[in-house]
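Following are the structures in question.
Here chain A shows up in two complexes: once beside chain B, once beside chain C.
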Partner chain A sequence: MNGARRPLAHRALAGGDLAAGPLLALVALAVIVYFLLIGTYLSTIFEDVLIYAIAAMGLDFLGGYGGLVSLGQAGFLGLGAYGVGIAEVHGFGPWAAVGIAIGVVLGAAAVTAVVAVRVSGITYVIITLAIGQIMWGLSYQWTSMTGGDNGIPVTSMPSIGSFSLSDPQTVRVVTLIVFLAVFGVLMLMVRSPFGLSLRGMKSNERRLRALGYRTAAQRYLGYVVASSAAGLAGILYVFANLLVSPSTLEFSQDGYLVLMVILGGLGSIWGPVLGSVVIVGFQQEISIYVSRWQTLMGAVFIVAVVYTPDGIAGLLKAARQALHRAATKGTAAVAGQEPAVLPAASGGEAR
Partner chain B sequence: MTDVPGAADTPGTPGAGTPGTPGTPGAGTPAPALEITGLSRRFAGLFAVREMSLSVPAGARFGIIGPNGAGKTTLFNVLSGELRPTSGTIRMHGRDITRLSPPRRAALGLGRTFQITRLFTDLTVRENLTLAVHSLSRSKLQMLRPWRSYRKEQRRAAELAASFGLGNRLEQRPRELSHGELRELEVLLALAADPTVLLLDEPAAGLSPAERVDIQTLITRLPASLTIVIIEHDMNVLREVANELAVLHFGQLVTQGATAEVQRHPAVRELYLGSGSGTGQGRMGEQ
Partner chain C sequence: MTEFIVQTINGLTLAGVIFLVSSGFTLIFGVMRVTSLMHGAVFLLGGYVAYSVIGSLHNFFWGLAAGTVAMGALGLVVERGLLPLLRHSEMAELLATLGLVYVIDDVSLAIWGGNPLNITLPGVLNDSSTLPYQGIVYPNGRFFILGVSIVVATGLYVLLRRTRVGAIIRAGVDDREMVSALGINVRVVFSAVFVLGTALAGFAGVLGVPIVGLATGNDTTILLLALAVVVIGGLGSYEGAVLGSIVIALADTYGTAYFPAVSYSVLFIPLVVVLLVRPQGLLGRGAMA
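Right, the complex of A and B next:
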């Protein structure tokens, strides 16, 4: 088949056209922007998709690349949200509240990282679960500070001139901007020497240490980056929902975030975004029509794990390779040559 | 050649008058590349390394041999910091490194390979080498610049690969390489950070005769300034790459000296050939 005549999606997946990949990404972005700004119920769904995707991408950054999967990510999402709420209750303006929330998230991440990075494997999972549960416990029982089960409503919204987060559409635009910024920064990070060292740590930490890497530094920084992403998601969450309560950071939220990452594809920054689409779609759309939506979601998850262990991202990658093989074979047949050797994957992020 | 008196005896107080303990180098005398004194490592009641003292001069090609279970790899693990010694001290170029972590020792110039190949199996050859090249520079914590944009480091990784026959394998993952290429990559990773002391743990293990020649060539081409300590069972390889040998048995140093002399040493022949061997052609003699 002549590459120039193939459909855009075909060319992008087959990797035969350098411009096709970014074009597909632009199309995906255009779809997101359309549904986000259309001003219907779907817009709120896409808003939630982006907010949870930010937290899930952070989770994947350390879990997918560094091999340290956290069960406490929702705790930092809640911390960002409570940081804004509590600061406003104590008389701070909305911008100051945002600054305080960021500071609280960074501070908590910096402190808890000291404990979390000392362990690995299942112990890391348990430690992060404990950290998340401590935060949930505080949100539930420290009623004088958090409002307990009732949570904290947020009434004062940040604004610059006429640009105010009181307008739901503005919140969605800001959410999109933050999402793109986090996505871009994480993509840069996974392609950096630091990102490469995270992958090395997941692959063979003992060898990495023998080469001179103090892997505790890698773990520490990775943990702070991942937790900060969740904190940012929490700040957006509270302005989108105008309320933060213990349910924001309860254990099921951690489970959903892990599901997003695994379903989307562990070790691919854009994979968890797709995972977020699926999970939020189940929670907010399919649940309208199917009363046992959680059972259905569980079944989908089982099928996905069994048949596509690398998630949706892995599925797309396999399709890309299959199309590339077909395209290479076709080109070789036309030229009357043996099929060329498949070029190796570019490594880096797209694994 | 230096026999080690009392090597088979029960060791005395750690570090107390151990034979062969090197003194502090005088002015103008270069410190040994590696100097271990009264080194022991015990697992529960078992000494894997016992009261060992060794001195490896800078630039030496130093072989370590011994039967399985002699403590060779444990010695390497203690030298590289993966295991803490039960007692004794380790100095590298005169500096006490006994309590330093593996990354700190690597930063001081200690490189090592492993008996069982330990590569970054999910990464390509280029990525493996890039990790190693960045290992001792501040750039390893750089988060916002793509690793592919570090031209100097990328050139170094490509040169390393090309110089030892892996130039056309840069985009492949370890599972796509032959066993011989894996062992070469193992050595290249250790070399990437320009170590001053290199510990090679059985680099020729499991290789075909042709691959052994390749790895042997790789080692003999290394700069003369690099101190190499090599554990190896293949005496053909050792004869080519080592000018001095130390023989271990049950965690103790049996003897140490020039390669040819050590091969003829009666205690060594007995270890390898058994007491009734006489001058027969056993494994050591054949090799």
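Right, the complex of A and C next:
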């Protein structure tokens, strides 16, 4: 009877309208901000979520759009963190240390990119794994520089006037700002000609090269962007945790970042944020109740790889499309002047 | 000089163990195009299984057999149970085996705990001998490990080069479609190769305990060494695995002895150099990049 109104309700639910996407994002952001700043135990968890999300979004940028999945992303996170720590140990002020860390990350990314961009697919995974392990090996074995297994504590925090990172709440606010900035920059990049050509490279690189695109240069740039995101996350990490040790960049951490991206959804910048919520949730929350949480996490991940190759983002998208289809089908039924007795609209609902 | 000779023999025994792991990895990759990231975890689990079996039966060789068979069985379960669900996507296979790393490591931690364990070799193998040159004293066990590795490596060579099964496997590396077009049951070949690969990892895991010990974290090290070996030698190449194992094991041993601050990281320099100069690996066929 009110079949004409039903599609509207469906559309709002499905989020198919232009307004619904940003609205959902705003709600999600409000939730994040609330828990981040509430000042309880949950705040540190959300801080971790955002820090790892920054690195995971970088990984997803090159993995989801360029087809180059890195298993060495934690290495750059560690490099950013160690950059700050080691610079401070050598007498630099906190701001200089941040500058040095950024320089070291960019430098290391620029050098390792030369090797990494020569390969693709599985070999790329192996090479980035090796690059990440080189960094882990240095952090673990080069004890005179890194403090070995004990790591390096960071004691001096950047500050200007009353703004000081020695206040944990300020660190969380800065983390949120950096997170939003990285999110925005990556979203813009994905839609830019650069992002589009990365996507084109993923599907057919030879063709793009034949069309005159300098694919190697773009891959190089994409690698530096992805690694820099991890480096930024590392700088935030060290100010949030006040300590960096080899465990920050060990193999399992590289794996966690990949887990976040795959669980969240390869090829959507916001997917890895959800992935980060899930994986950090496993580490910090589920581990309290389930002692074999790693087994559970590994199993969940395998199930995700088998049944939802596009992760949570893919599931949401599929659900949205299904609702959207149901909505449009309802409209079509009404538009097609079907007799009102035919359960066209309810048939749509059932789907 | 004496030090150098001892380090060289150390390196060669390590090369033997690393070859056994890498040959399984490279065989699985070469025939099935599966990048099994759980290979290091299988190596470690094989050692743990042997530890428990030796603990109750007090016989090293039963432990060696148990570790090998158990890991072969695990390989069969994964190959028959998990891989068919992954739609032949190379990335999905890599990721699923990455997920298995967390599961296997966590289960191992639950059963055997986090403290390093060890296995002692039986009888005379646990003693040392004096070498004729400069009176170097060297543990017999390491010669035994080197010898067994060479015997198994030779057996593998004969299997791959001199038998019908080996011909089918090698043909599978070169052209899978053609093999199945010739009426050979590729499913059976794949299962056999995967089981052989994980069994080799389990075997190496038991044999390698006196060298690398039984400790959490070893799985990553071994996986990375195997990856370095197969990238350098060429993914899918038997000869490449031999060459790569010797290069990587010697580099690791000399590095640990003479440059302890950077030894692990230096291991990956040959890998990087090979990729820059010859992306398909030293003995690779060229198609891989």
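Assume the second predicted complex is superposed on the first by the 320 of 351 C-alpha atoms of A that agree within 3 Å, B and C clash if a C-alpha of one lies under 4 Å from a C-alpha of the other, contacts with A are read in each partner's own complex, and residues count from 1 in each chain.
Here is the rule we go by: contacts are C-beta pairs under 8 Å (C-beta built on N, C-alpha and C of every residue); 3 or more make two chains touch, one makes a residue touch a chain.
Small disclaimer: the values here were computed from a predicted structure and weren't measured.
Enquirer: Mind checking the superposed model to see whether chain B and chain C fit together on chain A or clash?
Expert: Here chain B and chain C can both sit on chain A without a clash.
Enquirer: Quick check for you: in the superposed arrangement, does A:221 touch first (chain B), second (chain C), both or neither?
Expert: Only chain B; A:221 stays clear of chain C.
Enquirer: Give one of first, second, both or neither to describe whether A:211 is in contact with chain B, with chain C, with both, or with none.
Expert: In the superposition, A:211 contacts chain B only.
Enquirer: What's your read, chain B or chain C touching more residues of chain A?
Expert: With both complexes superposed on chain A, more residues of chain A are touched by C.
Enquirer: In the superposed arrangement, does A:294 touch chain B (first), chain C (second), both or neither?
Expert: A:294 sits against chain C, while chain B stays out of touch.
Enquirer: Could you look at A:57 and tell me whether it touches chain B, chain C, both or neither (first, second, both, neither)?
Expert: In the superposition, A:57 contacts neither chain B nor chain C.
Enquirer: In the overlay, answer first, second, both or neither for which of chain B and chain C A:189 touches.
Expert: So A:189 only meets chain B here.
Enquirer: In the overlaid three-chain picture, which partner chain does A:199 touch, first (chain B) or second (chain C), both, or neither?
Expert: It touches chain B, and chain C stays clear.
Enquirer: Just chain B (first), just chain C (second), both, or neither: which does A:122 touch?
Expert: second
Enquirer: Considering only the touch criterion stated at the top, classify A:87 as touching first (chain B), second (chain C), both, or neither.
Expert: After superposition on chain A, A:87 lies in contact with neither partner.
Enquirer: Closest pair of CA atoms, one in chain B and one in chain C, after superposing: how far apart in Å?
Expert: 13
Enquirer: Could you please specify the touching residues of chain A with respect to chain C in the complex?
Expert: 69, 71, 114-115, 118-123, 125-127, 129-131, 133-138, 140-144, 250-252, 255, 258-259, 262, 291-292, 294-295, 297-299, 301-302, 305-306, 309
Enquirer: Write out the stretch or stretches of chain A touching chain B in their complex.
Expert: The touching residues are 185, 188-189, 191-197, 199-200, 202-204, 206-215, 217, 221, 225, 343-345, 347-348, 351.
Enquirer: If you look only at chain B, which of its residues touch chain A in the complex?
Expert: Where chain B meets chain A, its residues are 80, 82, 101-103, 106-107, 111-112, 114, 118-124, 126-127, 130-132, 134-136, 139-148, 150, 171-173, 189-190, 192-193.
Enquirer: Spell out the part of chain C that touches chain A in their complex, as residue ranges.
Expert: So the residues of chain C in touch with chain A come to 35, 82, 85-86, 89-92, 94-96, 98-103, 105-107, 110, 220, 223-224, 227-228, 231, 235, 260-265, 267-268, 271-272, 275-276, 279, 288-289.
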